[in-house]
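Across the two complexes that follow, chain A remains constant while its partner is chain B and subsequently chain C.
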Partner chain A sequence: MDEDKRITLDNLSVRYRGAEDAQLKNVSATASIGQIVGIIGNSHTGKSTLCRVLAGVIPNIISAEITGSCEVLGHSPVHEWPNFNSLTGVVLQNPAGQLSGLADTVADEMAFDLINQGISEDVINKRVANVAAQMGLTDQLVQTPESLSGGQMQRLAIATAIVTQPTILIMDDPTSEMDPLGRQQFFHWLANVQSTTVFIVSSEIDDLSEIADRIWVMDDGQLVEQGTPQAVFNYLDADRQIPKPTAYQLAAGMNWHLSNGALPVTPSELKEAYDGKN
Partner chain B sequence: MTDQSMLSGNPAGKSRWFNAIDPISKLLLILDMALLSFASTNLLLEAGLITGGLLLLLFSKVSSTTVKALGFSLFLIFTMLVIQGLFYSKNQTVWFSIIGINFYKEGLIYATTLGSRVLVIILASGFFMVTTSISENAKYLEQSGLSYKTVYVLMSVCYILPEIMGNMRKIQQAQRVRGVNPQKTVIQKLKSVLPVLIPLVIKTLDQSMTRSISLQLRGFDNPNRKALKSTNRYRLVSGLHIGLTFAAIILIGWKLWTKISGLL
Partner chain C sequence: MAKIELQDLQFAYPGKSFNLAVKQQVFADPMTAIVGQNGAGKSTIFKLLTGLLQPDTGIIKVDGHDLADFKPVDRLKTIGITFQNPDDQLFNATVKREVEWSLSQVNDDRDANSQQADKVLANVGLAEKAAENPYDLSLSERKLLTIATVLAIDPEIYLFDEPMISLDSPSKLMLTQIFHELVADGHQVITITHDMDWVAAEFGAVCVMEHGRIQFTGTPRALFGDRGLVERVGLLPPKVMELTSMLGDSRVYLSPEDYYKQNLGK
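And now, the complex of A and B:
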């Protein structure tokens, strides 16, 4: 496959200035254009640092020692950041920190990135209306960003990231403050995203298993597993203490296997395994 | 919805009289009122300025922040009155006594003059703060030709104080919920502030760093940035600028002249 259609991390290590240990240790991984990559792992395992490298925040904004290489769709976030930044949308862990602080309304906040790109007002209005509808924020467009709830604030943060129609979307725990319905709507929306390569850190294992093309498992700064959700959760070491999808746990309890011998990880696979058993 | 602008860069309707005054004129008004207050020791003039400032606030918006600021400054002024009324170095004439403690005329007049000046500045600044949003200032300055980066640095100073106060409220609320400090008296409130000062500053700096990262990711220093053209809703901009600047120059000149002539 062409280099400009792949994401390749090769022996990537990152150590923050002043830190004794590296936050990422010899991470090597691949994914393809248009895929959704779910990044999972326990706390302080390097997930956010990986997102920062993929977004080019390290070393362009936050100083750190980097060895190895990171190529995303033919671009290097480390060496070609200004160009790379125009292709990416980033959702930070803290949604309030993502807001400009100078917007009177939710609509203004969404428009901020587009104004920065010098886009005309007509286009800005259309894009803002479109993205607000996608994120369920149409009724909040004239409210102040500060008046939003935590979940709405997170949807606004996502809206600000996708309003520029990025080729690469990097999201660090974007649903942590959402209610169950909001989270469900978000993953439904994400499943239908097209022409965008998505990296998403999340602890919503069930949702990730359904929508992700690949799962990367982080532990102590290392990428310990990578592959399809089915492959990863079937071979994931129990010592990692990462919860398995509900479908997997149920199927394991009932001894329902798929035709390939693996345990299902999504509801549709669970049904398939059930039908195969009966 | 897409047919008309939903962005406040192009405000439609809902405009009140103070929205027609541009931010620079409002800042010049603060300067003029402060200079006028400092130019004279006439208490009638001070009373007039305070009344003017109060009217400006009453006919615009009165926010809880302004009321709190006024309450705090009145508390300070009261302590000034007590201290100066008792201990001012030029005290000579006893004005009145409370439980045998003498309050002197000279000290009380001096403290009243100082307090009036503080009030004038707070009322004029309060008018500016309640009638001008940070984003309005930012837009105005950007349209006046400043780069957005410079505007942001200037405006972030305005932004960081409410952020610190917001963080402080959250921390104090958490303290009260945990029963760490009941914060019923002023002393208890002050005591609760001291131990959280360093974490408060660190938290605010951390938030500022996150915002800085986010702004760079969102391309706020992009050379292609084009500020939205807003319809000019400000009235008499040049006239107000010239008039208020002229008044400020006259007041400074007059103050300097009285100082110099006093030396001669």
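And now, the complex of A and C:
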């Protein structure tokens, strides 16, 4: 694969100014264009810091010492942020914190970046309507952003990130406040996203296992495992204290294995293992 | 255990179409989960229970006494709450002072409050952060701090609004353990949550809200056994049931362990 079609982290280390320890320690990883990369790990393991580097927020907005390299689709978020920034959509952990605070309505908030880009009103209206429908916010378009519930606010943050049609989407725990159906709809939507490279931090292990091409596991600032969901969860050390997918738990207790000897991590793999056993 | 009773409760936000109406509701189980879609009225119920909102009509009783007659300090000792967003309730300069401030609302003894703050911060794993500013903590730590401020007062009834949001797996296990210890000590725990796996595995009762109404109160097994209701109110069953349904098994399972128990050896 061409170098400019890949995401490559090479010995990436990050230390915030004034901090004794590095938040990221010699992280090396690869992924391909169009892939969904699920980033998992417990608190303080470096997940959010990694998102901030991938989004270029570090060091362009938050100052930090960076060593090693991070190249995403031929661009460096560290050294070429203006170019890189135009390619990305970012959803931060606190959705309310990333809204403009200047929009009177949900529709205006979604249109904010598009207006700044000088896009025509017709195109803006179409894109806003389309994204609102995708995020289940059509009925809320005329409401004020402040009137939304936590889950709706997260969907608005996602809508503002995707309305610019980014080629790279970086999301830090985007479903934490969504209700079960909202979460399910979000992951169904994400599974069908085309031509976008996605980095998503989430604790929704079951959903990630179904949609992610790659799982990166963070622990103490290090990337300790990377691979397909099946490979990662079959070899993930219990000492990491990260829960396994429910399909894996069910199959492990019932001794249902796939033909390759691995335990299933997705519903379709569970069905395959179950059918093979019965 | 203190018992909360709602009678003919009605509340509407000025200028909004949402209205809450509860004819009769008793929270009788020591550990109850309140579930429902975003905007169903779950947090509104909590705000009414803590006096942050006043009902338009109706009465909230605790052990038969009208909550409206409670003095503020007695209300704090009776019902404690943590909000969904920790930043809505943290404002002191250090983590320890945050807990001490909470205690100072019910007790003037500074030495006792200091000792109690140390003890509670240790219980939630924040002892080493005592001197830090709450806003230098991670979101999950701020969440645990808000929980510590309520644990410190040790009210009879605990209300938690989405306590698991942003917590990692070890913290979720720790909090679940704390809940069970509170219940064992005679407290009542009422929690708003979207985590159906947690509800199924850990709670004795579940209360389903939809459009400002309570549509169901009963055990998780009864709720998840009524697939029509679960679908109608916009919930999902626990993940283990989504998987076992796909395998052609329509029985109710509350956790993978529940599945092994019912099926191993058959």
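Quick note on the criterion: the second predicted complex is superposed on the first by the 278 of 278 C-alpha atoms of A that agree within 3 Å, B and C clash if a C-alpha of one lies under 4 Å from a C-alpha of the other, contacts with A are read in each partner's own complex, and residues count from 1 in each chain.
By definition in this document, contacts are C-beta pairs under 8 Å (C-beta built on N, C-alpha and C of every residue); 3 or more make two chains touch, one makes a residue touch a chain.
Everything numeric here is computed off the predicted structure, so don't read it as measured data.
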Touched partner set for A:G253, first chain B, second chain C, both or neither: second
Which superposed partner A:N94 touches (first chain B, second chain C, both, neither): both
Touched partner set for A:Q117, first chain B, second chain C, both or neither: first
Partner chain in contact with A:D104 - chain B first, chain C second, else both or neither: first
Contacts of A:S176 with chain B and chain C, given as first, second, both or neither: second
Chain B versus chain C as contact partner of A:N42, first or second or both or neither: second
Partner chain in contact with A:N85 - chain B first, chain C second, else both or neither: first
First (chain B), second (chain C), both or neither touched by A:I62: first
Intersection of the chain A residues that touch chain B with those that touch chain C: 94
Contact footprint of chain A on chain B as seen in their complex: 1-2, 4-10, 133-136, 138, 152, 155-156, 159, 207, 210-220, 222, 224-229
Complex contacts: residues of chain C adjacent to chain A: 36-39, 84-85, 138-141, 162, 165-171, 194, 196-197, 234-236, 239-240, 242-244, 246-247, 256-257, 259-260, 263-264
Sites on chain A touched by chain B in the complex: 55, 57, 60-62, 85-86, 88, 90, 92, 94, 96-105, 107-108, 111-113, 115-118, 121, 124-126, 128-129, 138, 141-142, 160
In the complex with chain C, residue positions of chain A that touch it: 41-44, 93-94, 149-152, 173, 176-184, 203, 206, 241-243, 246-247, 249-250, 253-254, 267, 270-271, 274
